[in-house]
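Working notes, structure below.
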């Protein structure tokens, strides 16, 4: 958590920024479930059954948004694994990331309730796209400022992190944005392929 | 928080994953109380007394869900105590765990409001069962990948963690699922035995 | 965060339990503000002025509950400062503490909305009393199990922690419980003396 | 996280206070988005479009409050970077800071919904001013108690932290308070200059 005495004093140590990140991600992930509102007042058996059936698509949205936030958290985690020091620019890029991460519960709620309308589809897909852009921007910035990086990060690995498969994820994101205007209800489907791309990248 | 230089570089260090876990558990535990909605507007003394009397069963549900989350947190804590490194599979099993942990406030709210209906009883009992399944899956995976474990974990202890008494908890969970269809209002009662099983295991 | 290799293996390290505590306290403290509901819809200037005037007592309640939670956090913090290892009993006493800490936003909301009714006054005062009881129970348990304590804790300090002034705080709490039946609207006033007692203790 | 054995035993180590701070800030930042309430029930395309258009000013408020909280977090972080030990006064100044930080979601909601009324403008601007005052108070206190500071903090840097440009931020805050009475809807605009002042200070 604390920088070593001999370490260069560029920017700030990353421990507390990671703690703030973990907090914002954990809250955003847990708030997602509040989008599914349980029926209040006395309900008949068939009303409760209808509630579960009608909520199926919202449970799917919950799962997808939760896992996307988990994926973004993992991506941010991997970046900061190699970052040793955080300067002001990287700090504020990170704050922008958190700003858009905290919007995900709202964009998921809007999309979940009004799935067939293009503005809500566009809103969630733009939200996810901006998150991805900032994540790429953070790595582009950090990986070109060697004084911020851990000396353990080999040149080989820095090249590896720029492999073309990674570019497929923003591509999916752009497809999702286009689909928002054509079939809004299914426009987030491309994100289902994120884990497959991740797996290919990692093997 | 940081891996030591000489440590093997399989997967990622566990510090931040633990921080994310602690955050999601803490939020899920604290959100549970929001299920008990205080009456708004001016109330008579008898109306407030009725509120407390009618909420007794919801306070019981709050306590039970809180302690079950505390128990799950402890189980996950004990596992990660022996885990040294987290690879991708363990990371995503853990994310699935958090996904279902974050559902507990919803399933508690639904069950608390509509206790006599089997779908809500089945929902909470399936939710808790899936959490237990993932916890067992995580330990099954971690304990069969020695490169992820701390060298401090003795062979004796690994065998100990597979003692039959532990199997009683998923058994309780299956009983609870069956009870959901028969006496939904009392179907979560088997979980009251969890602490007794835990105590037997630990002595 | 990690226990040292040579440390005795009684119970578990305290790092993650502290993290869970900090999370639950931080959320309970921040949720308190949600009890003050801003008026929705278009409002006239006088309506907004009335809102602020009518909310004055709720702002006072917010501040008092926030500072009491801060005080409980500090008390728990000071205990764990001297605790080196956490065994099962101390762990579950701590979980009980968190269970009642997470109730504070509800009891504050109920009391804030229905201040003149004894059941809500009794509810918040019992809630705070139970929190204090558990805090004392935790220290009574930890301070009589030397294997859980840091060797840095001098005998002198252990005696010091049992000075009579500390006993004044539960006394205030019992006065508050009695006042709940007599003048419910002012029953939490005794807690205003907590900082003065704390200061006397510390000087 | 743990103080070194040889360190002076004034007050308490800062690790857990930082954790509580990070928690409260993360929750306050993430709760801000809950102020934007998505329309419920089936909505027409034009109703959803209206929702987004009408919410534009609330999205601006969200962004501004989020970044101000991020700025306050950064300021508090920088202070604690140089603080080695936290005594009781600094601890309770910090708790007061958190108390007013947790009010920001409420003051943002009130201002967002009733922007043209001076009481809500005054409320948010006083809230931000008090936060700044406490931040300055914390640093004034810490920087005049050398036993609380890290020996790494040079005399040069202590003088630097008192440079006049820093005084511009409370000045902006006072301008915002005055504007609350004149043009409430635009009274938070001065805070947009905070990043420029920060940049000047840091270069």
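By written order: A, B, C and D. Residues from 1 in each chain.
Just so we're on the same page, a residue touches a chain if its C-beta (ideal position, glycine included) is under 8 Å from a C-beta of that chain, and two chains touch if they have at least 3 such contacts.
Computed from a predicted model, the values in this text were never measured in an experiment.
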{"item": "Angle of the C-alpha superposing rotation, chain A to chain D, to the nearest 5 degrees", "value": "90"}
{"item": "Same-site or different-site touching of chain C by its copy chain D, using the half cut", "value": "different"}
{"item": "Inter-chain centre distance, chain A versus chain B - centres from mean C-alpha coordinates, in Å", "value": "25"}
{"item": "Contacts with two or more other chains, residues of chain B listed in rising order", "value": "1, 19, 22-23, 26-27, 31"}
{"item": "In the complex with chain A, residue positions of chain D that touch it", "value": "1, 15, 18-19, 22-23, 25-27, 29-34, 36, 38-40, 42-43, 45, 48-49, 52, 62-63, 66-67, 70, 73-74, 77-78, 81, 152, 202"}
{"item": "Complex interface listing, chain A residues touching chain D", "value": "1, 5, 12-13, 16, 19-20, 22-24, 26-28, 31, 88, 91-92, 95, 98-99, 102-103, 105-106, 109-110, 113-114, 117-120, 123"}
